[in-house]
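Pasting the structures here.
The same chain A turns up in both complexes below, where it pairs with chain B and then with chain C.
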Partner chain A sequence: MSRSAIAEVAAGPSPAAALAGRALEVIAPFLIALAVGGLVLAVTGRDAIGTYGLLVEQSLGGAQAIANTLVAATPILFTGLATGVAFRTGVFNVGVEGSLYVGAFAAAWVGFSFTTLPGPLLVFLAVVSGGLAGVAWAAVPGALRAWWRVDEVVTTLMANYIAILFTSYLVNYWFLAPGVANSMSPLVAAQAQLSPLVGSTQLTLAFPIALVATFLYWVLFRATTVGYRLQIVGMSPRFATASGIHVARTIIVAMVISGLLGGLAGAFQILAVNHRFIANFSPGYGFTGIAVALLGRNSAPGILAAALFFGALANGGSMIQLFSDIPLDLINVVQGTVMIIAVIELRRLGRLVRARSHA
Partner chain B sequence: MPRVRMRGITKHYGSIVANDRIDLDVARGSIHAIVGENGAGKTTLMRILYGLVVPDAGVIELDGRPVRIASPATAIRLGIGMVHQRFELIESLTALENLVLGRTPTRYALMFDREAALAAAREHAGRLGVAIDWDSPVAALGVGARQRLEIMRLLYTKADILIFDEPTSVLTPQEADELFVVLRRLSAEGRTILFISHKLREVFAVADRVTVLRRARVVWTGPTTATTPATLAALIVGERFEARASSRIAPIGEPILEVEGLTVADDHGTVRLRDANLTLHRAEIVGVAGLEGNGQRELVEALIGLRRPVRGSIRLAGRPVEGLDVRSRRRLGLAYISEDRDTEGACLPATLADNVVAVRHAEPPFARRGWRRTGAVNTLTRTVLERFGVEGGGPPTPARALSGGNLQRLVVGRELHEPPLVLVAAHPTRGVDVRGTDFIRRRLETTRDGGTAILLVSEELSELIELADRLVVLFDGRIVGTLSAREATPERLGALMTGLVA
Partner chain C sequence: MLEVLSTILASAAPATTAILLAAMGGLINRQAGIVNIGLEAIMLVGAFIAVVVSAATGSPFVAVVSAALVGGVVGLFFSITITRLGGNEIISGLGLNLLVVGLFGYLLPVAYGVQGTLIPTGLVGLPSIQLPLIDAIPLVGPVLSGHDPLTYLSWLSVPLVSLFLYRTAAGIALRATGANEEAALAAGIPTRLVRDMSTVVAGMFAGLAGAQLSLGVVTLFNKNMTGGRGFIALAAFYFGDARPGLTALGALIFGVFESASFRLQSSGWPPQIVQSLPYLVVVGSLTLVAVRQAWQTRARAERIALRVSSTPPGE
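Right after this comes the complex of A and B.
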């Protein structure tokens, strides 16, 4: 929140002014990032306006383009929510990538192992297994943090590598698809592969389900006692303790929800897009989720907007290569700039909060 | 010519005066104690000398030369060093590495010259007559060793004016005696020592001169040989109290909170409260007097369930509660006003509604089956705001928008709008404006008259005398005296609080 916005809230401003202030805060990082990206494009001798036009066209121009953007947004919407729920509780879980990997593997394993089950049941079991695997993965650092005060940034970050390498081992040594050279598991049963909602795209039920998860996230923090505790613990653990809220228990709840969403991200990516587990399949969905949560200020609408933005960038960026000589790296520059600006804003907010609590 | 001369030092924080035209002369090679109650202005004065605080008015001279000390860096360059209450050491580095931190001797401009550092370290340790394991990480050192290391760090930076902020508050009596030996050696070397203390025994054990601050002003200064502990104690505590016109309505009732043999340690495992026995009756206010850091915080935290006692029992309405968590104790009728309003009493980023409902957020009518009832929460909040005169916002206002006084009214309202069986109130009027202070005190009285037992911890003796039916005095973790409000004269309280009589 900007300095003026805080002052306005304190003074009880008109709702319209507050809303405008908030809207500006949300949009500003995107605009600055696009400006910096444009500068990079211009310096490297490209037509910035034209490139952005092409980007918009490729990510939003027509049903096919929009569907692809939503497909790209789905996993990072899940991982953004997974990160957001932990961040709001004051737990810096950077291990969503790990939950995503174990969730993806569990879902794939169910999908290619129980091939005789009917479709809906098999999908259900695969999704539940994926979610639970994610929960189990996140619960360990959660418990370490809650009861023994082990720094979760270190444990969750390291657990990511374990998850990536362990699933890679599993697929290479135990579940390698016959006749495949790369590190891939067999395909999940045909009836477990989610079917497209639109034409020949990969847009499946996964995206609406991610929207439902976003809505539930909003409800959690808006209307439930669990969400209240998560938030209060995130704002002030000492206040929470003195008010009779169990901080350790609340931290574990946050990690369980975070792991669940991370596991679901992986499970749906397998069932909707990849249809099999492939070693190292994620281009950092879990880490992009951190940027999504930061940029979205951990709020449900913010995370949705940020996920769609990054989805559009990823989709438009990969398409743009096909139609122009602009390298994907430049799109990554824009994406990286947004992430940096998201973090800067957060720092500023943190400083402001500290300054105020000292006053 | 004094080594340090301060003239007319004045510092305001908002409407509060922390230092009011303070004069101080400290001779070279002397040990000068600064004593006074909490909030008397001792720490502010020392922070000004060390450049941490810039005074509004006044001059500082070193050896007769006026200086401007705008930052600790300037102070260090002028030869002034400070040992803070919380040591500023890096736990993962060794004692030797900490000693030379920032001024590391090097070889070939790059490599750490361990031999040179060790030689310097041994020289300082030898001069002070102390032993320290230089290769041990600081994390493995005891508190006394850490403090000696801090002192040697100052010597290493060539400081010859050394400021100690309550140096013995973290030490055992033996460690304190060792410190005094070190202080005398430093003074024999011609170094000038200023130290803040709460304990008169120490002042008379080690200081040459003493300055008493009260309410931001110097009330007495002179050699320790020219005064007595009893005189100093009375000077520290200050004004005479009005005999209290009894305002109580209800008679004192049956015992409701019984504490036996309560022993509590701080975060470092040092025992801060020893074998406390205490009984609170219904409709009674028991005041806890004592200078800060004599076990009050540990007592309060153990009662409310924030700190697990080493041993001892706590019974609330006849039920043992020492094994219960905060929530269970609150459900049994315990309420708590924290001394730390901004981090424990209130949640600044949260709304007033979320602050007010915190302790009952999951109970009907404020929630049902896990769903929050915003209507009921807002109704409760508005009731509390109105009944306790909280101004500056409504249920959706963030708590940080309120002034300190209004925020404290909110905290008091949350804890008292439904009268608890027992209230533990730690410094309930600290930092609150005059009107708010009076309001809160009247509320405590009416709550008491309604049958609540109140344990009131305060550093304002006038508040304790005004409100309490009975006073207990804590010194060095022990209850050293119990007196009725009538018996509590400044002399008696001062003597008990500074450990002159046990």
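Right after this comes the complex of A and C.
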């Protein structure tokens, strides 16, 4: 699939596409991926249906479980939106993980450095710094692509590893928490740690804010000129140029928004859950974001649904790991399958449905 | 000075092998028009297969061949998602990486009862081979001799890949496919088959690279043992613009970085900074190439503009 085709899929199916076909398109990768996971379980002599049952129970059964699922969904909702903005603009940003790392580090740094500031101000500054760090990180490959056509796939992929290593360097050489052997920064000030909304969960304001971001994402593409420009550039850069849209500038705008969301993902993960920067802390939130965006067809409701799905998987998976001998890694198998299937099978199905509806 | 260089290169040689092999596979794939982000995953599969087969048969040779074959099969599946099912190479590649990492993370404890590292009984590693005569040469001997067979194979692969790409009909068909698939198709080249075969070959190279890690560098399998080398290989052939000689140079530079990182670490260099050098080099070199191209294009445009404006109207 070419890049413009990704953007085309992103822009939604043609009006003629049947609703049923669309539902099938969206659901099929979930089912296939779960089937592959089930196959792995069965082949290794585990009870696939029982495991999935436990997974559903642990991720959805009861308020505590649902709260944990929402907590797990929060970072990947942000990274899914971050990826979605870029994909819809036809910019292949696979570097959200990098923005997440620098955003997380910046937020943690503000949080443990300016400990005398009042809570709301400190949180605000930490979030803003995290977002801006993410923007700065993404703007570089964005500008390189926009001005000199440097392949953003390679630069953003490389930038991920640079960000992971660089933040690890910062924490190990400059900001190591006193008395801690592992690569951790000091804790952020107590007033900067977001307090739980419900009981003793880790569900904080971070999730509602991610929902607001999802709504703004929807508004961006539904009702704003900027969003329209992004979309046109994604569909056809040549047409965009012909209609007077500044393509280079639009690409940079997409990368800036993408980096902002990626940085926010990291910042909120620190303030809500980890409370300190830990080297290599992300289990691939940025990469899961790619799966989320693909599965959600880059639309706001789709991304929300996919983030909740992966959040439930991650939460349920880690609970299963606690209670049985089934490692959390199974979730990566499901996720990897989704990524491979989401772009291939869907298009074939889509073509089939379209061919049938034309006949 | 020369002694230092000799020591550096001697320890860089085995560290370069896996990167070089994977990069050679990746560049063949790239020349055929596919960017293979799945190299890292296929390397890990190769490393695993090599260890399991070596333990089962006691023959590292059979193990290496199996790793290459299985690598080729994984490459084929990967290729089909791209060439025949309309998948995107980057997404499929990232997905493959996740899938494989998850699979081994799952399988090691569940099927083998170990966490992370697998050392089955009866595992035999690759022998190191002394090259007669050469190993007696001072300074040069330690660099060129005393390595595992896959290291020698990786060196041989550079001229062989070069010969294949630029001097054989198949190589030219492959490059034509990568340069312009429609034109190649019109010229009667079965482009899909060519692209699939290039990915199979890339998979075989990556499988060999994995086998070198698990039977050459060390004799065990660890789920993190590829450690980003697949991406460094990607970096190497991007650095080398998918040309064998330059790519090999890139792989060697990154191999030197890697083997030096331990030493630099003990002399106070942060390992994280040393490890990020390959990635920085790639971003830097891609940018330089792109800027130069942009300037050349602009210079050409200005020359044409000048010619047009100095031509009197009506001529």
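In this section, the second predicted complex is superposed on the first by the 325 of 359 C-alpha atoms of A that agree within 3 Å, B and C clash if a C-alpha of one lies under 4 Å from a C-alpha of the other, contacts with A are read in each partner's own complex, and residues count from 1 in each chain.
Please note the rule applied: contacts are C-beta pairs under 8 Å (C-beta built on N, C-alpha and C of every residue); 3 or more make two chains touch, one makes a residue touch a chain.
Keep in mind that what you see is a predicted model, and the values were worked out from it rather than measured.
When the two complexes are overlaid on their common chain A, residue A:Ile245 makes contact with chain B while staying clear of chain C.
Of the two partner chains, neither chain B nor chain C is touched by A:Gln58.
Of the two partner chains, neither chain B nor chain C is touched by A:Ser282.
Between chain B and chain C, it is C that contacts the larger number of residues in chain A. Look at A:Phe92: by the touch rule set out above, it reaches chain C but stays clear of chain B. When the shared chain is aligned, chain B comes close enough to touch A:Met235, but chain C does not. Once the two complexes are overlaid on the shared chain, A:Thr225 sits against chain B while remaining clear of chain C. In the superposition on chain A, A:Asn298 makes contact with neither chain B nor chain C. When both complexes are overlaid on chain A, the residue A:Ser129 reaches neither chain B nor chain C. In the superposition on the C-alpha atoms of chain A, no part of chain A is touched by chain B in one complex and by chain C in the other. Here chain A touches chain C in the complex through residues 1-3, 5-6, 40, 44, 46, 92, 94, 141, 144, 147-151, 153-155, 157-159, 161-162, 165-166, 168-169, 172-173, 284, 287, 290-291, 294, 325-340, 342-345, 347-348, going by the rule given at the top.
Residues 304, 306, 325-327, 329-330, 336, 338, 340, 342-350, 354, 358-359, 361-362, 367, 370-372, 374, 393, 397-398, 400-401 of chain B touch chain A in their complex. Of all the residues in chain A, the ones that touch chain B in their complex are 9-10, 12, 223-226, 228-229, 231-232, 235-236, 238-246, 353, 356-357. In the complex of the two chains, the chain C residues touching chain A come out as 35, 37, 81, 85-88, 90-92, 94-107, 109-111, 228, 231, 234-235, 238, 270, 272-273, 275-276, 279-280, 282-283, 286-287, 290-291, 293-294.
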